[in-house]
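Letters are used for the chains, namely A, B, C and D, taken in the order the chains are written, and counting of residues starts over at 1 for each.
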Amino acid sequence: MKWSCLFTIEQDLDLDERAGFEVGGVRIGGKEPIIIAGPCTVESEEQTMSVARAVKAAGVRILRGGAFKPRTSPYSFQGLGEEGLRILKTARDETGLLVQTEVMDTSQIDLVCKYADILQVGTRNMMNYSLLKALGKVGFPVMLKRGFMATVEELLLAAEYITKGGNEQLFVCERGIRSFDDSTRFTLDLTAVPLIKKMSSLPIIIDPSHATGRADLIIPMSLAGLAAGADGVMVEVHPYPKKAMCDGLQSLSLDMFEEFMGKVRSMISFLASQKREE
Amino acid sequence: MKWSCLFTIEQDLDLDERAGFEVGGVRIGGKEPIIIAGPCTVESEEQTMSVARAVKAAGVRILRGGAFKPRTSPYSFQGLGEEGLRILKTARDETGLLVQTEVMDTSQIDLVCKYADILQVGTRNMMNYSLLKALGKVGFPVMLKRGFMATVEELLLAAEYITKGGNEQLFVCERGIRSFDDSTRFTLDLTAVPLIKKMSSLPIIIDPSHATGRADLIIPMSLAGLAAGADGVMVEVHPYPKKAMCDGLQSLSLDMFEEFMGKVRSMISFLASQKREE
Amino acid sequence: MKWSCLFTIEQDLDLDERAGFEVGGVRIGGKEPIIIAGPCTVESEEQTMSVARAVKAAGVRILRGGAFKPRTSPYSFQGLGEEGLRILKTARDETGLLVQTEVMDTSQIDLVCKYADILQVGTRNMMNYSLLKALGKVGFPVMLKRGFMATVEELLLAAEYITKGGNEQLFVCERGIRSFDDSTRFTLDLTAVPLIKKMSSLPIIIDPSHATGRADLIIPMSLAGLAAGADGVMVEVHPYPKKAMCDGLQSLSLDMFEEFMGKVRSMISFLASQKREE
Amino acid sequence: MKWSCLFTIEQDLDLDERAGFEVGGVRIGGKEPIIIAGPCTVESEEQTMSVARAVKAAGVRILRGGAFKPRTSPYSFQGLGEEGLRILKTARDETGLLVQTEVMDTSQIDLVCKYADILQVGTRNMMNYSLLKALGKVGFPVMLKRGFMATVEELLLAAEYITKGGNEQLFVCERGIRSFDDSTRFTLDLTAVPLIKKMSSLPIIIDPSHATGRADLIIPMSLAGLAAGADGVMVEVHPYPKKAMCDGLQSLSLDMFEEFMGKVRSMISFLASQKREE
C-alpha cells in the first residue's frame, strides 16, 4: 500500500529535507518551531483583543481561540458560535495574526472557512471520520488533535483520512492521553513526538495547556517538548485566568506568558545551534 | 439543576416504576431484556437476509447491521452506504424485524431515518456533540454507545445532550472500554450496568461482541451482563464468520447463536422468577 | 515448554474433569462455587468474632481477615500483625471456619502458616517474585490476587511461579484493574473469568468488594461473576461498616450480607441446574 | 501531619536550596544532573567489564547492572544472583565506578549491601511495603522506581515509607507507566518530573530505556527529561545489544552511547547557563 502521509518501512527519509508547508507566511514543520497562543474560548471582543495584542507583541504569528466548544455537559457554556468567529476575524484584521479555530461538524466547515486560516479538529472528534473525509476536500490547513484515548497509529491513520483526500496542509498535535493517574488532567505523551517523526512526514506540535491542566507546569513541559523535537507549542493565554469561562486553571496570565516566551526562545536558539553543528 | 435523564441525589426512584419505552411493539427498558442481533456490516442482500431469517426464527425482534462504518483506516471497507440501508429495509419488510443502524454525522440523519427504526451512535462518536444535539430533535429512538474512552459520567452527560433536546426514546450500550490489558479487544465494564441504573432512568444494554472480540466469550459475558441487571444484549451474527468483511472473529455462527439464545432465555426466565419472589 | 498450570494450545481439556482441590473439607474449584467472607482488617476480637459467627451461621466455610495490611501511606493503620493472627485463630477454633489471611513478605511465611489455613498474596505483591517462589515450596494452599496493573497473562505467569515450585493448591482472584474511569474504585474485569478457565486449570474467584469499593454494587456484581463462571466470591463484611478502620464503604453490613447470601444461593442453584441439563 | 520527604502546602521551598546528598563523591539532586549507565543484566565478567570501561571513559560515575532480576515468566533468565554481584564488585574495584543494583526482597538486603553502593527498588516492588520499611533502616542510598501503574502520589507515599524510617538518602525514578497505547513499551510520564519537584524534596531521574523500549528513542527522550528538570538519566548500554539476554532492543550500543553522551552534555551545559542567568 502507498500511504499519503505515513512512511513505509522502505522509505529512508532524509530528515533535513522535511520542509513542512507555509500558511500566510508562517512555515509549519520547517526549521523553526512555531508558537500558537490565545484564549481557550472567545468570550468577548475585549478579552480576545487583549490576548491578541499581547501575543502579537511577543512575536507570536498564530492566534488560537474557540468559537464552537465541544463540552462534556450540555449545560456548560457552548461557545459564542458565529459571533465568536466574527471576533476572531476582527483580531485577525487588526493584528495580522493568523487565526486557528475548531470545527466540530461537517455542517460547520463552510462557515468556519469564512473566518479562519487554520481549521482545528478537537480531541473528541479525532475519530469523526465523516468530518475528516470532508476536511480532505477543503483547501485549508488543518491541525488534527490526537484523541485522548487514541494510539499513535490511530492518530496517523486518522491523518491519512485527510491527506488521502488531497489536503496535505496538515499537522498534528499531542495534547495528552488518558491514564489511570489523575495527578494531571491528562498524561502528556512526549514520546509520541519523535515516534511520529519516524513514522510520518507530518509536523507535530504539543499542547501542554490541555495536557497538564496546570499553568505552573506549562513552561517545563514546553521546553521538554521542544527538546524532544516538536515543531511547535500551543498554549492558552488569558488576561484574567481566574475569570476564564473555560479552563482558567491551565491558562497562562500575560505575565507568565512573557516568561514562557523568553524561556522557549532560548531553547529554540539552543536547539538550532545544535542542529547547525551536526 | 434539573437533569432530563439523570437522577439528582434527592430522587428516590421506585425501580419497579421504570417503564422504558416502546418501539414498534418492542418495549426497551421494561420487565423483559431484549436481544438485538445481526451482522456487524451489511455485506450483501444474501448475507443479511440469511442472518435476518435466522434471528427472526430464534425469536429476536430487532436486527442490527451497519451501512455506514467508522473504520480506523481509510483503506478499510467503509460500508455499503445507502445501498446497505436498502438491504436492511428489504430485510425489515420481509421479516417484520425492527432495524437498528449507525448514523455517523448530522448530514446522514435524514437519509438513515428513511430506512431505520432505531438510530445508533457509535463509540467513536459518543463525544460528537453536534450529532448528539441533532439527535435530540429527531423523533426516532436512539441507542448511544459508550465511548471506549468515556467515563460513566461522560456517557450520562452525552445522553443528556439527546434527552435535553426533547428526545426521550434513548437507551445506552456498554461495549467495553480501553485498558492496559489486551487479552481481549476491550474490557467489558459490567459494573457500569448497576451503576447507570442507580444514576439515571436510562435503559442499558451490553455488547459483548465488540467488548471481547472473541465469539467464544460471548455466552458467559452475556449471562453475566443479564445477571448484573442489563436491559438487553446486542450480538453480532454472521452465516460464515470466517468470511466476514469486518469483525469475523467476534461473530457468532448460526449454530452458536442458537446455543446463545437457549442459555440467554433460561437466564432471563430465572431472573424474572427471582423478581416475582421479591 | 511444559507449563505447570497453564494450558498449551494443543491441550483439549474436558472441563467436567476439573476437580480443583480440597482444603479442610472445602473443595475449591469443584462443582460448587465457594463464598469467602470476613472483615477487611482484623480490628479486635469482638469485631472478628461477631463477623465470624454471622458468616458461619449463613453457611460460609472460609473466613477472611487481614492481620498484615499493605497500605499506600505509611501513616495508615498497618494491621494488628501477630495479634491479629491470634484473633483469627480464636475465631477458627470457636467456629470451625477455615482462615485465609495475607502474607506480605518471605520473612512472614513461617509465622502466618502457624495460624492460617490459606495464604493470600495481595494485589500489590503479585509481582513480588521472591515471595511467589517461596510460596511454591510451602505445603499450604495459596490464593493469588491479580495485580491491579497486571494482564491476564502476567497473572497466569505469576501463578506458574508457585505451581512450578511444586505447590498446586493454588487459586486466583480477580479483584478489579485500574482504568481511566474512577466511577468505581477499580474496574472489575469479569471477562478474565472465562478467559482464565480457557487458558489454565486454575480455579478463579472474584472480589467485588475491592473492585467496586461500594457495598451497593456487590450483589449485582457477585451474581454477574457467578454467571460468568467464577468458582467463588469473596466479600468483606463488617458489623458496623461506618466504623471500619479500613474500606468501610465497601463492606456489607450483617443485614446486607444476609440478602447477599440469599441471592447468591439462588444463582448457584440455578447454574447447577443448568449444568445438569447439559 | 509532618511528612518526612513530602511538602506540606504551607512550605515555601527555595528551590535553590535543594542540595541533594552525596554518595562516594557524587552529588545526587545537586546542581548537575547525573548519568547512570550499564547493562540491564550482568551476564558475564567480560560483558560487564566492557560496558564499565566504556561508561567510565565517557565520564559516567555510576554503573547500573542487575544481578537479581524480577521476570514476568519463571522460565526467563532470573539473573546471576550473588555471582552477578561479585562481577559488579570487580568492575567497581577496577574502574572506581559506584555500583547500583536491585534488591528484590527483605532477605536479600544484607547480601546486596556487601557489594553495592546504591540499592535499587524495581517497578514491580514499589508497593512491596515490607521491603520499603526494611530499607528505611539501612544506611545505604536507595533509588526507588515508580511502579508502572502507580500514581505520583503513591510513589511519594512509598518514598515516605523509606524516609520515615530514617533513611534520607533516597531518590526516585520515572520509568514509564502503563497506558492503552502500546506504541512504546511504556508511556514515559515526564510531567511527573516537575510535579514531584513541586511536591517533595526528592531528587528524580528518568529511565528512558525501560520507558520506551527502543534504543532509537532514548536520545530525544533524555534531552526532553533534562529540559523538564530531571536530576539525571539512567540508560542501558550493551556491547552487543542484539545478543543481550534481556532488553536488547532498548540498549544503546557503545557507539550510540557516545552520541548520547555528547548531546546530553550539551543540554546540561545549556540548562546550567540558563540557571545562572536567572
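Simple rule for what comes next: a contact is a pair of C-beta atoms (placed from the backbone, for glycine too) under 8 Å apart; a residue touches a chain by one contact, two chains touch by 3 or more.
Because the structure is predicted, anything quoted here is derived from the model rather than measured.
At the interface between chain A and chain D, over half of the residue numbers appear on both sides, which makes the contact a same-residue one. Chain pairs B-D and C-D differ in how many C-beta pairs are in contact, and the one with more is C-D. One finds 48 Å separating the Cα centroids of chain B and chain D. Taking the mean of the C-alpha atoms as each chain's centre, chain A and chain D sit 34 Å apart. A straight line joining the Cα centres of chain C and chain D is 35 Å long. Within chain D, residues 149, 178-180, 182 each touch two or more of the remaining chains. Arrangement of the chains shown, judged by which pairs touch: all-to-all, with no pair of chains left without contact. Of all the residues in chain A, the ones that touch chain B in their complex are 1, 70-75, 104-108, 124-125, 127-131, 133, 147-149, 154, 157-158, 160-161, 164, 178.
Residue ranges of chain A in contact with chain C, taken from their complex: 149, 178-180, 182.
Taken in their complex, chain B has these residues touching chain C: 149, 151-153, 177-184, 187-195, 198, 211-212, 216-217, 220-221, 223-229, 263, 266-267, 270, 274.
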